[in-house]
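Next up: some structures, all given as structure tokens.
Presented sequentially are two complexes of chain A, the first with chain B as partner and the second with chain C.
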Partner chain A sequence: MTTLIQEVEPEPDSAIKRWLVSDRGATLSAAVLFLVMWQLLTLFAPRVPTPWAVVKIMWIEVTGGDYGSVRKGEFWNHYAATLQRYAYGLAIGFTAGVLVGALIGASNIARALISDTVLVLLALPAFVWAFLTTMWFGIGWQAPVLTVAFTAFPFVAVNVAQGVRAITPDLRHMSTAFGVTPVKRFRHLILAGITGYVFAGLRFAMIVSWNGVLLSEWFNGQVGVGFRTRYWFDANRYPGFLGWVISFIIFVVALDRLVLTKLQARAFRWRKTNDELDKDLLTTVG
Partner chain B sequence: MAGVLVDSAEASALGTAAGLRRRRYLALATGWVGFVAIWWLLSVWVNSDARLPSPGRVWDEVWIIFNGDPTNSRNDGGIFWNNFLASVIRVLLGFVVGVAMGTPLGFLMGRNRYWRSFLKSPVMIAGSIPGLTYAVMVLVVFGISFVGPVLAIGLISMPYIAINVAEGVGGVDKGLLNMSRSFGRSEKQMFRDVVVPSVLPFIFAGVRLSFSLAWKVGQLTEVFGASQGIGFQIRRNFQLFNMPAVIAWIGLFIIFMLVLERFVLVRIERKLFRWRQWEREG
Partner chain C sequence: MAKVTVSKLAKLFPPPIKGGDVVRAITNIDFEVDGNVFVSIVGPSGCGKSTLLNILSGVDTPTSGSVTVTEAGKPAKLGYVFQDARLLPWRSVMDNMMYVRDDASDESVANAAKYLSMVGLDHTHEMFPGQLSGGMQQRVGIARAFSVEPDLLLMDEPFSHLDAMTARSLRDHLQELWSRTRKTVLFVTHDVMEAVQLSDRIIVLAPGGVIYDDISIDLPHPRKASDPKVATLQAEILGQFENMQIPAVE
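Let's look at the complex of A and B:
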């Protein structure tokens, strides 16, 4: 009868039931259901590897398998290479993004002149940068680093510009009128105002450019996570392929949940709830 | 007033809105002219079509994409519309799939606390998975096919639609539902006349939010496995090392994405959300 109007659900009596309907229990049930569905899917789709096959091959990739005592697995080299490129690219893209974003936010003329260009950059997919940088620099470290920088840049710029514009002139005038020193003004007005936006921009940029570095390595690489994923893909060895795919998904989800969301929540603690931050992610990256 | 920051609201109060708007258009035009000029200068400096072709060279390529190559005896009269339509149809069908998957999930999340915590993590994870994953996974499962890209677009837009529908369901006017019940409307009638009209704009907002991402992932799946489409053409010319054509297709890709987003989707959204504007103004 009451399907349209939500009713207050009665508290279940036993402890297990109460845990199962708690937030954590629900999340865990979702994970278990996912694994069960994956296992079932392998019965119908023979090309999809089983979870156990993926675990086995990733164990070899991480530890070196039979050669474990002699050398490490492939996992570490590839992740080290990719993370290095990712970090350099982000450093370039982030610095450029903060500078250009501050310029767009502070000056109307700069905004009119370059904000359209930034929008176009925002509209460009990562694979376009992967192709262009490969055609410019050939195979090497430049293409992945610059792909990350180019995909990260507009997200940082747009958010920093928004942050700068959000500092109201009223507060600026007031602090001048009350004789607040420039140092204090910078710290409590400008820095406090834009930190949240800077972190938001960094978070979106990191999530989007992770895709960029993988794509770039897929098309152009001799080392790296994207390259290794492609290696298994080209070899038609789907357990290895799927294992690497899962590893880079886990990486970006963990980075977002454990680091970026927390940083952003701290910087935005005076303004937004966690759910709102999640929604921001979806609206901005999309 | 030159050099002073003025909001458009303040400006209209001062009666200089027209002048300000003119100045803004002038600055925008200067920005675009400057962009093309810098591109042209760089291309003269680089002096290599394989690295950075001049704007004129790219324009020639755009002409060929639309009208066919006059120097080629088997002139096919331009390949743009075939590829463009292939991409657009995939994106549209992908959204149908995304709405079909995302709406029920959104209803569950908006209605029930247990399902909200059950689905929240999967939906958020689905929202931050790299697009590469979807593009390659559908290639593994379906090979080069028509279904693959459509499903990838559906999967990528699904979390956006689910989150928006959840919000929309939460915002359905409880008073209106109670009233309908008091007046003896059936559940089916209430669903059709109260819930659907208030959730529909939110479904559409999800589509619009995920549009640019879906368009990008759609092209990416074409890069990996397709025989037609804008993404496929970019990949083909990349492999032929034909830089002018790569840039021409990228330009067309951006222009059509912005046109679809700005002029088509924003208009439809404004129409769907009109009742809310009235509500706010009234």
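Let's look at the complex of A and C:
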């Protein structure tokens, strides 16, 4: 006897549900919820500025106008200064991280000698570097740049080391047995093998060292996002302070959502089975 | 037609624990394979089968003695199917095929596609190995080895990680590929039945890496597992194996 089982197409989720769990839907509904809670909070805590007060002052920061000493384009100047330091610091930390990570991954001796040090660095919070570099170099560009470099470095190194170790002797033997040329090996075995890990490391490094650059500027800058945040804090102007805090949170969340997560997912495409790819479309939360 | 010459080959490994004995993976082996024959190497676990293939493929070096693999006097081109598929996980199936090929011309791609098609993997070109089942990955490994059109094909227990049904169907694929191309094959296996079904000659290794026996099998290819002649021969040779006094490892 044969039983016929009716084939049932899995029913797609409703449009609203899909939108809610989609990237954009989740971000937007979270933002709205946050704004509502915030407005409610100001009813009970008068020291907390209202969303509207924050918007007003940030508008002036962006467009220029009359508010104490604010000049035109203040906002962009500070962001430009910070982003420049951030980029230099990341470039240094990333390069060092790739080199040291490759060394740890490839050599057991290097691993024995330096991997513990890297782990210690990994555990050091950014503010330690912000303090130390300010003590060493005083006021200037060095402290924020190096704070970023030091915080970014161990994240890249650890991930690259893991990537190098994912290239197993088995795969190297296979390449030897088939007589694959060194150039092809470097490109398809080594580089392609570690790319995903490099992006994963870079992503963590960028998120963590963003805190680093702001902290460092808070202590020592004359310009920059961290400096400006402190400026409003010291002036007892909470709308300005909160506005800047929100701006740098938005910056890092957008950076992660719009760029880093996507790059990492693309570079790690191969790691996923079909099921995992599906699941990932639903939950791209960092 | 590749020619394989193994003479006075020995391979020792350093002791696995400090102060232990060196491991004798292979002790003084001599044999020769000449022409388009399918040769199986059979023997219990640890008797140096993989080591032998690794030395033949240049992945490992002998402690003493020599091996040569030549094709019309020149070094032969090799294909290798491993116990596991050994694909680059971060490259698509097609890119894995192209990784071991010398040129990337359209013709070369079409050739790779032809071999994928022979193992029934037409629809997988753009997939990553992680998206394939173990049996499919192993088929990619087989297609890859055949597609370089090797003079000598080395296969190290290519079906031992698979379930019986998949292994059986891959054995049929293999026979078909082999009947069409007639490469020189060295095929390592634990499985005497498999060896009898596939090969023209079976070299039996004993623990310590010495040759224990060398059997010829004279039946036309391809052979079906269900063919009574094959079954009879399998039973007969299996019987011989049961009577063998294979020395135990010390």
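Definition applied: the second predicted complex is superposed on the first by the 235 of 286 C-alpha atoms of A that agree within 3 Å, B and C clash if a C-alpha of one lies under 4 Å from a C-alpha of the other, contacts with A are read in each partner's own complex, and residues count from 1 in each chain.
Methods note: a contact is a pair of C-beta atoms (placed from the backbone, for glycine too) under 8 Å apart; a residue touches a chain by one contact, two chains touch by 3 or more.
Being a predicted model, the structure only gives us computed values, none of them experimental.
Q: May I ask you to decide whether A:W141 touches chain B, chain C, both, or neither, giving the answer as first, second, both or neither?
A: Touch status of A:W141: no partner.
Q: Examine A:A30 and indicate which partner it touches, taking first as chain B and second as chain C; both and neither are also allowed.
A: It touches chain B, and chain C stays clear.
Q: State whether chain B or chain C is in contact with more residues of chain A in the superposed arrangement.
A: Counting contacted residues of chain A, the larger count belongs to B.
Q: Going by the contact rule set out at the top, does A:D116 touch chain B (first), chain C (second), both, or neither?
A: In the superposed model, A:D116 contacts chain B only, not chain C.
Q: Return first, second, both or neither, reflecting whether A:L189 touches chain B, chain C, both chains, or no partner chain.
A: So A:L189 only meets chain C here.
Q: If you look only at chain A, which of its residues touch chain B in the complex?
A: The touching residues are 1, 3-6, 9, 21-23, 26-27, 29-31, 34, 45, 47-48, 108-109, 112-117, 119-120, 122-128, 131-132, 134-136, 169, 207, 210-211, 214-215, 218, 226, 229, 233, 238, 241, 245, 248-249, 252-253, 256, 278-279, 281-283, 285-286.
Q: Of all residues in chain C, which touch chain A in the complex?
A: Within the complex, chain C touches chain A at residues 54, 57-59, 77-80, 82, 84, 86, 88-91, 95, 99-100, 128-131, 148, 154.
Q: Touching chain C in the complex: which residues of chain A?
A: Its residues touching chain C are 170-171, 173-180, 184, 188-189, 192-193, 195-196, 269-274.
Q: If you look only at chain B, which of its residues touch chain A in the complex?
A: 5-6, 24, 27-28, 30-32, 34-35, 50-51, 111-115, 117-122, 124-125, 127-133, 136-137, 140-141, 159-160, 163, 174, 177-178, 181, 187, 190-191, 195, 209-213, 216-217, 219-220, 223, 231, 234-235, 238, 241, 243, 246, 250, 253-254, 257-258
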